[in-house]
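Input: structures, listed below.
Okay, so subunit A shows up in both of these, paired with subunit B first and subunit C after.
For the complex of A and B:
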């Protein structure tokens, strides 16, 4: 049962194979997410998957949890509303790197700052795949894209350091080459009371691979496997050895003041103060 | 997961598979081979140690490890 749990959650009328390209990592993340949800024991009706626009945001349409497909970059804004409206729900945001950090950049940092109990999974393939290969804020400096034919000259965002700095409760980075660890990080994120960010390194073979001549999907997966290194292992390495490496693992795990609880306290206090007032 | 007679089980759902080759690459026991048409085939099921990496790593959800699941999605 546990291995094929995603097959038990597929929407009955949805057509398969799915729309994602051959070798795209989104399917791996989706099945890891469903396994993680199953392990946390959350009821199906108490889970809401919220997404914005992009390849990654098609993920909730394949599984039979409650879902909301919002506007570009605003998945976190919709999710904040859902969570405040019914704090009992487990709200999970599935978003791409462009969706979360460019169009929805402000929503992202302020959701981290508020520390609202939402889990965000960032499908990080460094490019806008659906619209034809524009560069995204996580594209590495020097890489090529449709809008960067001479190479990317901007500095890229580090999703994890950004989330830690802006106040998220739980921050981890996984890679699709290690789906077991990825599932564990997502599960920890869901169980954390507070804002959780899981950044997932994955390949985009037909678009990113095409512009950067990185070879086949398999070559890209091998390169991710070589590039990623766990935080523990990285501690014993010199800065030269760490050049070009991507750290994976749990960056921070801290529970503190959570937004919906604080908000409920304000509601209670407001109710009391209204009752105490003398009638007009 | 073993089937009713206690044997190991693995199959590829060919109409979902997009021939990325991840199952062949990531299997620690080298259970899969790439067939002539590019689709993976379960060649050495007896070597399988049931770690299920192939099921987890398949982006197209096309590696099936249980006969019940195979039956459930056979018309899709």
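For the complex of A and C:
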């Protein structure tokens, strides 16, 4: 059998079995990432995957790139140091919705604002999987969780709108039900010189499914298929028809001042300033 | 903008009349500092300002992060690319950095954390002096972990110890905390920066292995495993989970225990290289003042006055605070009748001093915790009272 791109990138002396439950979406996202990376032609040795803590943050462990599995919520901060330390590197952050937007929310908006050349993939299952089903900042109002036994009363974040508003260069939403499009968005994100966010709709059947009685993994995949609708298609629908739908596609694709390039200009300017002065 | 100037002496060394905070960056640059991430906080902020001006001049990088947690994470990330990195903060920020300091300790990431101590818990007395973070510097992050802490008592010592902090962090692949205090940070003294040829600069050892399959980032065949920068030839994983020699999560007892033992042993077995004390007139002393940081200056003042009055007082200065200089304190305390521990807190390092003295001599604290320095006269009064 011919070895697939994904198999080629699995860690040698495999760290398997992986920790993920049957029906979890994380594996689909990871394989889309690997295929996307392969297509960008980036040198394997020059890629660093960075993650925080959560089921999703275990993803880098399984593939053969340099990787840093950091502390909960701080993946983007570790990644910022890596990228600024060596701007040649392709730095990709793999993070859960809780990791990225609750404990890591502040780092998230500031990474968008800085527009540093990092690609962030949000494994968005609307719940804290690893700790057993507490509500996350993307859990829809009214849904149930281990810590929302009477239903979620808070409003949820829209990751894409947040990223656009705070300054990311490239923002897209994909879903595990369409891995081809997902791979394309991730590839576009990596190729964008600037901060990119790819929000991915995925199921967490044993936990989210359990608390919300959403059925089997297959039922949840079907439901994602029904809920997601492309930005283009949505344009022709009324607000009524759009109720409960999740938009997928590219939200924004703009290139502007990227942080590490701007910093290189600071270095040039600072070096010039010492030439002007008496040499010390 | 810089608020100080350096001049050249006849030998070409840079000299100046500078603050401790300014000296810290100048010395860092000599040691090879190339990355700084921080968040402003009194009384450490000048370190960030000077770093923002000076680092790009040498091709280094400065970033003001959104908080201290991310600053510490960015420092670790930068160090993983193979460059020397530092952050600086004070109490509230030092508390925020703790989780990631533990990450650096477990993953053996060289880095320097400057904590310019301010008085009190919480926001405390932001502009006033204290030495209240002695125990936090040792045990601030959770779990058993190795740490090295140095404390300068003057601006020239800031130069000496900043370089030493980088050297130790590179040599032992461990975070090193430079525990300063508000007075040392803000007072001005003359410094002479050593020429590159006059100081030893240590860089972390880099592995000669060139295959990812063979490289073990946490190899337990050696106390300090050689490093490989991210983006180099080798691909590997690091994690805040307890890991095997390859860097992958493990809960196997036969892998957990060797890792925990090794990261502690690399410091313990080298404690003679790491632990430094300075003795001031201890040879004939009857009374010993044990102190560190700015309180050493108060103690030296008291020593001088006491000697003028015929009391044989000596000072044992703890330059390295952690690991604690237990053997040195043990030896010197055997020659004296009384030990006083001078510190700007409610009694922290005194517990270690008592332990090292093993009940053979009376040990008593001379403390202030109101945001002010201890006056030499106050120390002298206590000594005179007890020696009546």
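Assume the second predicted complex is superposed on the first by the 274 of 280 C-alpha atoms of A that agree within 3 Å, B and C clash if a C-alpha of one lies under 4 Å from a C-alpha of the other, contacts with A are read in each partner's own complex, and residues count from 1 in each chain.
Going forward, contacts are C-beta pairs under 8 Å (C-beta built on N, C-alpha and C of every residue); 3 or more make two chains touch, one makes a residue touch a chain.
In this text, all values refer to a predicted model and were calculated from it rather than measured experimentally.
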{"item": "Partner chain(s) touched by A:3 [first = subunit B, second = subunit C, both, neither]", "value": "first"}
{"item": "Subunit B versus subunit C as contact partner of A:190, first or second or both or neither", "value": "neither"}
{"item": "Between subunit B and subunit C, more extensive residue contact with subunit A", "value": "C"}
{"item": "Contacts of A:180 with subunit B and subunit C, given as first, second, both or neither", "value": "first"}
{"item": "Contacts of A:217 with subunit B and subunit C, given as first, second, both or neither", "value": "first"}
{"item": "Touching partner for A:274 - first (subunit B), second (subunit C), both, neither", "value": "second"}
{"item": "Which superposed partner A:64 touches (first subunit B, second subunit C, both, neither)", "value": "second"}
{"item": "Touching partner for A:26 - first (subunit B), second (subunit C), both, neither", "value": "first"}
{"item": "Subunit C-contacting residues of subunit A that also contact subunit B", "value": "15"}
{"item": "Touch list for subunit A against partner subunit C, complex", "value": "11-13, 15, 44-46, 48, 50, 53, 60-61, 64-71, 74, 76-86, 88-89, 106-107, 110, 263, 266-267, 269-271, 273-274, 280"}
{"item": "Residue numbers on subunit B that touch subunit A, as the complex places them", "value": "1, 15-22, 25-26, 52-53, 55-62, 64-66, 69, 72-73, 76"}
{"item": "Subunit A-touching residues of subunit C, taken from the complex the two chains share", "value": "6, 8, 14, 35, 37, 53, 55-57, 59, 61, 63, 65-67, 69-71, 73-83, 85, 99-100, 103, 212-213, 229-241, 246, 248-249"}
{"item": "Subunit B-touching residues of subunit A, taken from the complex the two chains share", "value": "1, 3-4, 6-8, 10, 15-18, 20-28, 31-32, 35, 176-177, 179-180, 183, 216-218, 221-222"}
